[in-house]
Amino acid sequence: MTVLPREILICTIARLLQDVRHVAVGASSPMPAAGAMLRRALDEGQRKVRLSILGSVEHNFFTNGSAELFDSAGQGRLDAFFLGGGQIDGMANVNLVGVGTYPQMSVRWPGSFGSAYLYFTVPRVILFREEHSPRVFVEKVDFISAPGISTPETYRPGGPVALLTSKALFSFDSQRPGFRLESVHPGHDLQEILDATGFQFDHDDIPPTTPGPDAATLSLLRDRVLNELSETYPAFAAQWRRDLAEAIPDGASA
Amino acid sequence: MTVLPREILICTIARLLQDVRHVAVGASSPMPAAGAMLRRALDEGQRKVRLSILGSVEHNFFTNGSAELFDSAGQGRLDAFFLGGGQIDGMANVNLVGVGTYPQMSVRWPGSFGSAYLYFTVPRVILFREEHSPRVFVEKVDFISAPGISTPETYRPGGPVALLTSKALFSFDSQRPGFRLESVHPGHDLQEILDATGFQFDHDDIPPTTPGPDAATLSLLRDRVLNELSETYPAFAAQWRRDLAEAIPDGASA
Amino acid sequence: MSEDLRALVRRIQPGMTLALPVDYAGVSMAITGPLIRHGAGDLHLVCVPTGGLQVDQLIGAGLVRSVETSAVSLGEAGGAPRFNDAIKRGNIRVLDATCPAIHAGLMAAQKGVPFMPTRGLIGSDILSNRADWQVIQNPFATGDSIAVIPAIRPDIAIFHAPMADRDGNVWIGRRRELAAMAYAATQTLVTVERIVDHSLLADETTAAGTLPALYVEAIAKAPRGAWPYGLWGEYATDTDELIRYAAAARTAEGFAAYMEQEVRA
Amino acid sequence: MSEDLRALVRRIQPGMTLALPVDYAGVSMAITGPLIRHGAGDLHLVCVPTGGLQVDQLIGAGLVRSVETSAVSLGEAGGAPRFNDAIKRGNIRVLDATCPAIHAGLMAAQKGVPFMPTRGLIGSDILSNRADWQVIQNPFATGDSIAVIPAIRPDIAIFHAPMADRDGNVWIGRRRELAAMAYAATQTLVTVERIVDHSLLADETTAAGTLPALYVEAIAKAPRGAWPYGLWGEYATDTDELIRYAAAARTAEGFAAYMEQEVRA
């Protein structure tokens, strides 16, 4: 069974979203959205999974302006959210602002968006950054848009639970604190992960391989989820279809 | 020219509302509403006078629920408001809660509504209570729903400017502090006011008589304002029309 | 009584905090009888921001421990007789408030913060009787005191609205205090005039006045469910009925007889 | 350029604070050119809660002293080139924020209070770089610190909406951040796709999504006035144009040439 790397990522995201009732994803985040759609499809008939895609008209059930996402998180009505980062360090600090010395930075990124709030209030924040390189995963971020851990007296029902990259899946333990390598995606190995990661992390000597989907899940993904996704992310869905056609020349999608 | 007592009151209210841009009146307040409508008619072509009648669908231009009135006052967008009171004392303290010792009072009124906020934030609060008797105008209220004056360090852009009753018009000076009798309505005299008022107030030896409307104003009041008013307060308007028919048997309304 | 309404009231447990809307915003009078028969007492009511007939009836039925409110009255029909009587007898505890303070408490819950500041109040006996409120110094100015109101987080919000769709979205129009109640409450129970087949969120015009299903726990259809109160854009208040109630409920016996008749009806 | 648009921009004085909406909420791109030709500079921009093309162009035109924002970008078209360049050169001051903090500041202005508390932020470099924010003790709990954000009171809020009526009421639908901006600002200037003859407040369905004229200082008609951004329910974003701008504005010269061409068009 041929499984594309992005399908491994999407299925991993769906796994990380087990038991959520309400998940929000950013405007330009097709992969988290696909993972959430797969979760919703898998859970159909057992639990209702709500998916909010920021900036989308189709997948927006908010009616109180752009503050409502944050309000609903503050109310405890948002279970999971995805956060990227120009830099992420071993304490799960996230930097969305830039490289160099603030404020006159040598490289400036857009800004922190809602990270400094949602990272505190959403119980299951999944750090998702495909580029797995030492310039992204640094020992110490240049600017803390949102801290990975807080003092015990800080109100913080939320925080990071996992970091997913194109090479591997990490879990985050806020008590220790630090990342632990949970699994390496097919085609990658531990040494490659060590070389590409600028911070220390826990790992087994022989870490497990990130599992792929079973046939039923893959079929659900390539039929229903891909169709749903193409409404909101047509370019991403079209590329996926092209890659599938190339990887599986007979045209069968499952 | 026959002028009904309520017409004197309405014209006095319109006078007190000179230069306002936005005035709000309570749901069951036909006389303040009529005064505000007269003000609006008098100012037509020179300035726009907005009138909000709480609980009315017709005269409600709010679209953010019942908090919007208070928000707009907090923003400085509400120039004038009317406040009644089961008891009002010489320091312009207002009691809307009850008689006796709080909380198990011998007489309980509905409650303070928004008074403890609007009295502080609306620049021109007009105390309006038709019943002019010692049980209403007391030396000291049993419960301060909203205080008439505040310490200099208290944030208070608003407060009482006048007290209008069925017998007289008072102004309020928050610096002195206290009420001053400005005028006595036709048919009443100073001794009657002194007897009916449970608190001390300043007055001339021979206070002026509250002026009635000129012919043009009276005509505007009985034609346009009375018509406008009958949409929101049909019972009040019908009674007014009956009283006019009785007072002016030839049926001429101006 | 419909099974739907029964299912709604079964969610209410003794000792819970209920948020109820102002007269003109959409009071679910339809749920009042079922609620009384359900019998869960020791309730704390939060009036948003004032109460009326429903509050008076729940108090008259002995289900209420305490009420936070800016006022309770029957409007044109006069004072609220069972509320006033309960206060005189000391049978309920009233937490007297002022409208924007109740809005501020709900807003704090909506925003997930422990409190909101509000102007006014200083020097009032409302404030001096609210040990659960505080006055702090404005950290952005010297010598400026300001009242802070703790978050109000009702267990249940209950209201009546014109319509809901099959997905559980509810149309509340410009009565946004209903949304504020729902945001702040753990669960929201709604009665509606009708259920519509089209999604209220599919069209931007209706979406603008819609409370999303995310906040709505359960819905029951109850035509004319605000009666004798009116419902904006639907029907007017039946003031004669309010007056009839006000007269009957002057005594405990008169109240009991009125409610008995209502239950049979 | 219409006389209406010229009348709008004449209200803007050097040194003023302008509130501008997020990309998808209704950006009045139509006012950007007139604003630049009007030339009032030294502006402080408040992005509600993030900025994009309009902010980048005003910065590129040299009108901006400082920006309070949670982010500035061109979305799919990448980073905001004139914003990024101005930061590198130290030509503008950025007050980095996080979205709910900007909402909290506007809410404080809406409520007429000096500040609002907000969760999160503690331990971030956003907070440590905002000397104008404070951390206080929650007065309702011990050992609980919370950030407080001072009221944001813009001189002018500017946005684009589908329609206004002859009374000056503006339909904003579910984009309620536009109302929040208007409540907080002293004046609100609006461009619209069209002016309708019926009152938006006369019908409960349209009233639910309407910002009342009380908050609106002036309106100008500007069809496709959000372009190249989209307007909900009306037209989609022209991403190709955003990409064309992003490429052109990589240099100051490219930006100038692009804007020149736009002005002529």
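Per-chain residue numbering starts at 1, and chain names A, B, C and D are given in the order in which the chains are listed.
The working rule: contacts are C-beta pairs under 8 Å (C-beta built on N, C-alpha and C of every residue); 3 or more make two chains touch, one makes a residue touch a chain.
Remember, it's a predicted structure, so these values are computed and weren't measured experimentally.
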Chain whose average C-alpha position is farthest from chain B's own: A
Chain pair with the higher count of C-beta pairs in contact (B-D, A-D): A-D
Centre-of-Cα separation between chain C and chain B, whole angstrom: 29
Rounded Å distance, chain C centre to chain D centre (Cα mean): 36
Rounded Å distance, chain B centre to chain D centre (Cα mean): 41
In chain A, residues with contacts to at least two other chains: 62-64, 74, 121
Sequence positions of chain C contacting 2 or more other chains: 100, 107, 111-113, 118-119, 144, 146, 174, 179, 207-210, 232-233
Overall pattern in which the protein chains touch one another (line/ring/star/complete/other): other
Every chain pair meeting the contact rule: A-C, A-D, B-C, B-D, C-D
Complex interface listing, chain C residues touching chain A: 109-113, 169, 179, 183-184, 201, 207-215
Footprint of chain C on chain A - complex, ascending: 22, 50, 61-64, 71-77, 121
Contacting residues of chain C [partner chain B, same complex]: 22-25, 48-50, 69-73, 75-76, 79-80, 83-84, 87-88, 90, 93-94, 96-101, 103, 107, 118-127, 129, 143-146, 174-180, 232-233
Chain A residues touching chain D - in the complex, by the definition given at the top: 27-28, 55, 57, 62-67, 70, 74, 96-98, 102-106, 108-121, 143-147, 150-151, 153-155
List of chain C residues in touch with chain D within their complex: 100, 104, 107, 111-119, 134, 136, 138-141, 144, 146, 148, 150, 172-174, 204-210, 232-233
